[in-house]
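Following are the structures in question.
Heads up, the next two complexes both have subunit A, just with different partners, subunit B and then subunit C.
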Partner chain A sequence: MSVDALVPSAIDGLMLGFVYGLAAMGLTLIFGVMRVINLSHGPVIALGMFVVYVLFTGAGVNPYLGLIAAAGLGILFGVAIYFVAVDRIINAPELTTLLATYSVNLMIVGVATSVFTTTPRAVDISLGSVGGSGVTILGTHAVAVAIAIAGAALLYAILFRTRIGKSIRAVANNRAAAELMGIDSRRVLALSFGIGTSLAMTSGALLSTLFSFTPLSGATYEVKSFVIVVLGGLGNPTGALVGGIVLGLLEGVSTVFIPVSWVPVLEYVIFIAILLVRPTGLLGARA
Partner chain B sequence: MRGITVALALIGLLAAACGGTTTPGAGTSGQATVKKDLIIGFTASQTGAQNVASNKQTEGIKLWVDDVTKAGGIKLKDGTILMPQIKSYDDQSATDRVQALYTKLINDDKVDFLLSPYSSGLVKAAAVVSEQNGKVMITAGGADDATMEQGFRNIYQVYTPASKYLTGAIDLMLKLDPTIKKVAIVNEKDSFSTSVVAAAKPYAESKGLQVVVNQGYDTGTVDFGPFINQISAAAPDAIIGGGHLPDGTTLAKQLYEKKVSARFVALLVAPPEPTFADIGEAAQFIVGPSQWETQTKYSAEAAKTAGVPFYGPTGADFTTAYKAKFSAPPSYHSAGGYAAGLTLQKALEDAGSTDPEKVKTALDKDDFMTFYGRIKFSTDPKTHGKQIAHEMVYVQWLKGSDGKLATQIVWPAEAKSADPQLRK
Partner chain C sequence: MTAGPAAALAVRDLESGYGEVQILWGASLDLAAGKLTTLLGSNGAGKTTLLRTVMGALPAWKGGVLFDGRDVTKLSPHEKAQLGLVLVPEGRQLFSTMTILENLEMGATPTHARATMREAVNQVFTLFPRLGERRTQLAGTLSGGEQQMLAIARGLMAKPRILMFDEPSLGLSPIFTLNLFEIIRKLKGEGITMLLVEQNVQLSLAVSDDAYVLEHGKVSLQGTAKQVREMPEVRRAYLGL
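Let's turn to the complex of A and B:
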């Protein structure tokens, strides 16, 4: 145990927490609007990584431009997943949609593993570093935080400053009433799935600039997203962002006091403790 | 004369029945020459975390097969000529696939002999299947001590065992800078790296070093931030550890990015691989243990001095042929693959047969030198097949007079191609 490591570990964890939060916002948005537990979330994060990778290595596209492409493709891909796997069973019990999205998970992982194999890939980008006296902040991490905050702000702008956002909130609140008001709920649900997928792919794109990855890498971040969503409150995007930051911070700080390999254990303990003690999460469900 | 003709015809029929081909005529000793396919099975990590080092190992094996084929096969004393053929599958760097595929190689493909996959975890899985089926396997890519301390009777290890990987690095470090006192150990938590550290940590402590960080990381770790923060806080003079190529490369890169100021860094497996240079300046001054390097000079003269026979091509011939075939320099993984093939070849020649028991007897007796180094196996029942003669060398990435980074042998002193340097 070294308390000297506390500040840099906390900063590193906090910075990663924003990216975790962005990914979890995608998961929680989908659950909040349509009560679908999206088990294709992890592979979609990995797809975001590979969009950046393919554009970077194949066409020399700057990873941050690739990230915009990943976000755009995310919306289209999410809408496609919705109509292929979710639309026809949207009113079925939650287990049905869970299985449907799990099948999408398996399909994405299968295809991506065949195409890209499980060989680790990396996007070689360096933006230098700043700091000193024990704290070094990498440029890529700082930019990832800025983009994650921008992504979260954009989601809020869409949800609270646009007509479509109002429709999404209306459908989330009461789908039948929204339909009575003339809102095409099917279209809104598809778009919500698209936005949720886009957020996941954007976070994947950001992670690709930080660490190496394989088509299976999304699984780690999917589990973190679930912990975060429960921590912040199911269906609550603000809670997801806050939950992400809290989890990142906990991950960072805990490594100073416990072996790093015990951190996932700590995450699951938090997950179960929140479910037992405060199942609505820190900020309450579906705000 | 009629009797000889009938005998030759019978041998021909027998060889044909065994799937071999008969070449009319006589061998060098006047016996009939019978060509037989020698099916050699192994899995390779064409994909997955181990694919770079594994591909190098496979290339070494392929070059050995090419060389044997060009030389007209492996000639046994009874006139039989064995033509090696490879039967290989992609194990995706996954243990469960190794188990399934080695079972398939033995039961479905009916291979004659096995070579190992790459990396200790996969070798261990393959070794269990080979042993259960009584199939002889020469392991190239596995250094883990534990695998070779289970009393296996059919497994033979070409690599220097893991327990010797970093002890030499500690000797080098203290020779280079005797004032080094604090060392951080951060290693992958797989069987190989754990074996390495299990030997290196007490060795470091026996030399008066204080281990200020001692942490393991999971296979597949990509974020070393938490470890690096602890290392930075403990301010060690040296860092040793790592595991395999992907994590070792990432760790070295992140140590550089985070400006960790340790004067000496030695990591497992990754530094000797040519692709380690992809991380640029972060590679500079990193030390790594290696089973073999192109500058290593094991020769007929060295063998004579050691009182053992020299077998196979020279290091220069191996390197030239490898570069010509694969348009890239060989790594120690390539040399290990080739050496595994050579070891099997020599045992077959010594045994004069493909009978597994005779081949095992020959392997147990073997003590010879190749371009890769000396090969001799333990015959102690508890550690049977463990490598006991091969020595490690240590490389360091240094800038040459042209400003380009390249590996140099820096230890042992008598084999060095450049003087070791502390990190700056």
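Let's turn to the complex of A and C:
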């Protein structure tokens, strides 16, 4: 019985892993560029869910159009978070940036909870399914994978093919030298925070088409992002995507053998094991 | 001390330092347009602090910096680079995880340098053929000499009106050092205003037009490079004669 469930569960997990990976890319990008561990990451994921939800239930906007709106708003919102909470303490020790982004976390969760309450919401969308003989793939899952891959590809195209993307890498590599070359590093940092936030919100938008959610749902995915980022190596976007896929697959396989409520335990065990055995992550860190 | 009409950059009574520690105590110097000026001084005299303050990487406590007569003291480094004031920093400070070509592209960030970026890349590859051969190699994997070439090439990509070098020969072999001075001589021929901070006093005085000696955060001696080379204090302290 449980072995029969293994293959479909593994496939499900694998597909989810791409969506986890997309969010984790946002977290790791922000860390890689400015050495800030963004504790507002989870609530921002939840915000992505609610952008889709509000547009869908309020105006009947297709969730995938809502996703594009979430991605765009993510850039603006990330830039705003940067200037409100991060810019003034960008050179402060890590504890300060942790507290600053955590305060943003609390503010978003507080406002969102008072507006939306903690009643679970869902975006009712079905794209059918394909397959048979025990393995079926939901249309929403397949589209989520495609969009996550497109998002990751777009990030790489920006970072390696455009001047602004190369400026982001230059600032990540050596901020002082980038300034000497005429790069306005403050603008680049703000934009990087915007892109990282946009990735998280896009991931949240995709998750809203798969599961029900509340303003508190971001916390679960934030933890997953942290595990993934450590798995793939801090500051390494490729590592984040690969780490996401690995974590998703592990989740899918493990739920066949252990109760779902034990999955977070497994995640933390992986987290700690990686930190103990290979703190640079499976793919190593890239500056 | 007054700025001559041809001073492209005038540093006036500059004071700055780190935290509580004052390093510069009223340093003043002029860079004549199109000329190569060298700044001498022992370790800790404040040469790097002066360059960093001129660029705006360190705030000026007192005094100012005039670029073509305009007060630019409070501008940030990237704003100064936009104006054409470019520093090739000590220790090269390359983008080590990026390729040679990408480093050069980042050098061409100032708006006036972007349109002619392709030609500029070809020019620096003519000047440094080795960089052209390795254009897709990561900067961090280059040898020390090649990295210094790239640091200079990256500075040139900005189409600088004033180019400042901080210890460019540091860590280079004697052959590479001679090579470097040959390139600086070439750049001088192109009419770029330059400031050279160098540990190799003999060579830098030989290629420079003007010279200043910085001591304890203040200019103690100044003149043409020829005059300064003959000063007994300089001969004793810096040339070992």
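Throughout what follows, the second predicted complex is superposed on the first by the 285 of 287 C-alpha atoms of A that agree within 3 Å, B and C clash if a C-alpha of one lies under 4 Å from a C-alpha of the other, contacts with A are read in each partner's own complex, and residues count from 1 in each chain.
Just so we're on the same page, a contact is a pair of C-beta atoms (placed from the backbone, for glycine too) under 8 Å apart; a residue touches a chain by one contact, two chains touch by 3 or more.
Predicted, not measured: the structure shown is a model, and the values here were computed from it.
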item	value
Overlay on subunit A: subunit C relative to subunit B, clash or fit	fit
Subunit B, subunit C and vertex subunit A (Cα centres) - angle in steps of 10°	150
First, second, both or neither for A:166, with subunit B first and subunit C second	second
First (subunit B), second (subunit C), both or neither touched by A:118	first
Partner chain in contact with A:255 - subunit B first, subunit C second, else both or neither	first
First (subunit B), second (subunit C), both or neither touched by A:12	first
First (subunit B), second (subunit C), both or neither touched by A:177	second
Touching partner for A:136 - first (subunit B), second (subunit C), both, neither	first
Partner with the higher number of touched subunit A residues, subunit C or subunit B	B
Touched partner set for A:35, first subunit B, second subunit C, both or neither	neither
Distance in angstrom between the closest Cα atoms of subunit C and subunit B, superposition on A	41
Footprint overlap on subunit A, where subunit B in one structure and subunit C in the other make contact	none
Touch list for subunit A against partner subunit C, complex	163, 166-167, 169-170, 173-174, 176-185, 286-287
Touch list for subunit C against partner subunit A, complex	55, 57, 76-78, 81-82, 86-87, 89, 93-98, 102, 105-107, 109-110, 154, 158
Interface residues, subunit B side, partner subunit A - complex	46-49, 51, 92-93, 189, 215-218, 222-223, 225-227, 229-230, 232-234, 246, 250, 257-259, 278
Subunit A residues within the subunit B interface of the complex	2-5, 8-9, 12, 16, 117-120, 124, 126, 129, 134, 136, 138, 210-214, 217, 251-252, 255-256, 259-261, 263
